[in-house]
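Per-chain residue numbering starts at 1, and chain names A, B, C and D are given in the order in which the chains are listed.
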């Protein structure tokens, strides 16, 4: 039984998995991607759309694209989402983008009589594939209610954090920041104890076993210990992009965040040394190098 | 059935609970405290000792005192542990002290034909009372084996991290550092999202529900949100002391730890403003104030 | 004897003084300001222009406006500088603006067959009035040569730092950064010695007398000591704007600048507390407050 | 004509030059050094003393030794300065040492009926040789008055900053901190502008020509630009020692100094990478490396 038709714009490693989960949950998914051949879409249970506008014409469309400029590209213009969405149609933007563009897009949609919900996610491609994303949404309550059936098909839980779409991005960026901060902290702790003759694995067992008991500390700690920065879960240059988006938000809201600055500068140094395509936890290697460790 | 006699020096909120757990587990505990009347000891199932030396005379003694100078005071002198311990007797130091004093005391004991095991703990007084401490020990393997039955009576787990006693302190301080770093990170994230109109409680539910899933984030996050800094779990001035001990260790090992420096300076600022006797998570209030929040 | 006609756009506390100096040096100055009545211009020896375009029509025009958006506004549109400049006409932009807008404007002018020279200045309004500015220029050598007679009328020296206009802004922002860094350093040194019972004035006499021998240390040090943050020389919110422009440039060039981040966060904290309209050296007061000084 | 006899303990690159200047100014100098043959002393116009005690027996003695422990060694014991100084004799300590040892030594001298003046200096060996040191003294006014003739023979100026000897060290360390902060700031500015295609030499000419006008910026800037870190003026490991002494003082006085922490960590990283024996301005090279510059 079909749950109705939804559009989906952006079929990368995240978006592709999310669209397939919508299809498996019973939605007809009218999908568009900049670089995908229509045949590939049919195999995944999706229906090819010729343009973002066409994907949007049934009144509800999800976008999941790489960055601010890609989001602008699929939204505006004759072939864009805004051109295709009918009156009161809903654009659910699930990319992590800056708070300024989020606020601006909300205004543009409202001005055009369309609806806009920001709904960035926590989770890597494997979580997207397993429909285990966590979704942080902001926008009008009615729009959030319309989006919930889609969220249930793509994630394990969703949160409605406020009426202004940019609030969702702020929460997402704050969550990413907490992860970065943990990486910096673990990196410094590993460097200290390594020079004291203690194996990082043992330190992690102790502090996570006795204190944090957190799967995130275990997973990232293990990557740092094994130095498995390739293939990347989240590329350092994208983590750096998020750090900069968050510091922009902090600037706009006048919130000094010295730890965020510290980690941003650390990632910038990693990028300057050519580590931009490695997993962002590679910053732990830089911390070790600063301590003279090989 | 008695498991034998052990000495215990230092019966504060931590040591008192630990000594009682030893007694409840079947040890005869010969206990000494600088300020406690003998009668009070008997009620707790302990046997009063007149001096640290007397507490140590059966060949195994635990010390749990406030700081480096208290440890020096109970160890040295005619009434001290070293004077009381028989040949090959074992001193288990469970206080968190600096790595330099730890190395120095190990050498003094070795030179005198006595044994020294450093065994600082993770856990607050409630964990000590419930015998739920985590114990991080360093010293000779044979000494660790002798101490294990005591550790089982006082904690829920113990780790042997190396042969040099100062290694245990390094691990303990690194664990404390990870907690401080988390406080700074949470404080900055709360300030950012609060100014974006998002309740800290909701942020914590999301990031801990979706990401960290850690009881430590929940507990400290809640203290920060509720601003319940009094009564303190760990006093800020003691957290600051630990931060300084760790930076001393980092200096000696030549490990730059900028995040540790940042948090130390934050705690120093809190102490300068008269917050030294509040819970160390009060640093989140300082972060909020820096952002102009009341 | 007239040295020819030049246009001037933007007659604030800096631009007004600079335009008058051009007039006193013998240039006919065709001036435009968003808010000034023509009569006021005549008194200052300037000739009123109806639009930026009109000011630009003689082939050379200086702009000195508040920020990026004001620069965009006077440059583009039917009444803008670009519309008024003849073929090969030269736009000398003396405002401090971001490196990205600088690069973009250079390209727009080049594409339209016009010339663009970036020439931000060091110096406050009193230096502008006394024709004592230092001018840092970047652009084609031929354009710099055309601008030099104007620079001689407005400043005490000029530098040509490269062919790409955004290079001038980078040097200007780096200079501002060195000043901010000095403020942070002085603030911390004053706080330390004040708590040690040493008067800040004596510290400044010693370190500047024995070490730096710099008028800048003396001037800013005195402002900090006397706490004369009002009226401001440079408003903190403008200093913060420059710090952000520089960190944007550092991001684009992949240069970690932790000290710049530290001072930016310090100024952000000052702005959050309502100090944005005070002199930027007010950050020394914040440093003192962090140490518990009144 | 002799100005009287003074003792001098410690004839390294600094102390040797200072002692010779005392001799050239007409003092009889009774000198002791741990490693110098008596013959070498005579050639320099000095009179050899067998012990620090002997150097001190005429009632006024200067010490200029490497660090805290060397100062302790020459002060205490049967051969030490305290043993040799007559009642009311004056010990002028010109080494840079920690504030704690300074306070402690003052107390010891006072308790023994001797006088103690702390008088650390600004200036490198070439300034010592040229009698161009700046001397920062703290102690009783009467003791400062007794020391002034000696200061005039060794330096170009002296300051009396307070009655408590540790105040002199605080001023000295604050001055050193301002130099380190300048090095960090210059290093970051050079890295930024270098990646923007601007020669560091040109940046220095501009910012020092237009703004700072400071010989210190010129000298250190040139060392950084030429990368002449060997032979060192001040070894990085000694600069690091001073940074740590200052942070200890800041801790004791409860003054957060995040910039001092930043530079300390930077120097610690340099030491960890084996740069401890190079000039401390080598930290600018580390900053460049962090930006991916060769």
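The criterion applied here is as follows: contacts are C-beta pairs under 8 Å (C-beta built on N, C-alpha and C of every residue); 3 or more make two chains touch, one makes a residue touch a chain.
These figures come from a predicted structure and were not determined experimentally.
Asker: Once the contact rule is applied, which chains count as partners of both subunit A and subunit B?
Answerer: C, D
Asker: Where centres are the averaged C-alpha coordinates, which chain has the largest centre distance to subunit C?
Answerer: B
Asker: Taking each chain's centre as the mean position of its Cα atoms, how many Å separate subunit A from subunit D?
Answerer: 54
Asker: Could you state the distance in Å from the CA-based centre of subunit C to that of subunit D?
Answerer: 39
Asker: Considering subunit A alone, which of its residues make contact with at least two other chains?
Answerer: 250, 254-258, 262, 269, 272, 290-292
Asker: Under the touch definition given earlier, write down the residues of subunit C that touch subunit D in their complex.
Answerer: Counting only subunit C, the residues touching subunit D are 99, 122, 134, 136, 157, 159, 161-162, 164, 166-167, 170-171, 174-175, 177-179, 181-182, 184-186, 188-189, 191-193, 195-198, 202-203, 205-207, 209-217, 246, 249-250, 253-260, 262, 290-292.
Asker: Would you tell me which residues of subunit B are touching subunit D in their complex?
Answerer: Subunit B residues touching subunit D: 244, 250-251, 254-258, 261-262, 264-266, 268-269, 271-272.
Asker: Flag every residue of subunit A that touches subunit D in the complex, lowest number first.
Answerer: Contacts found on subunit A: 258, 269, 272-274, 290-292.
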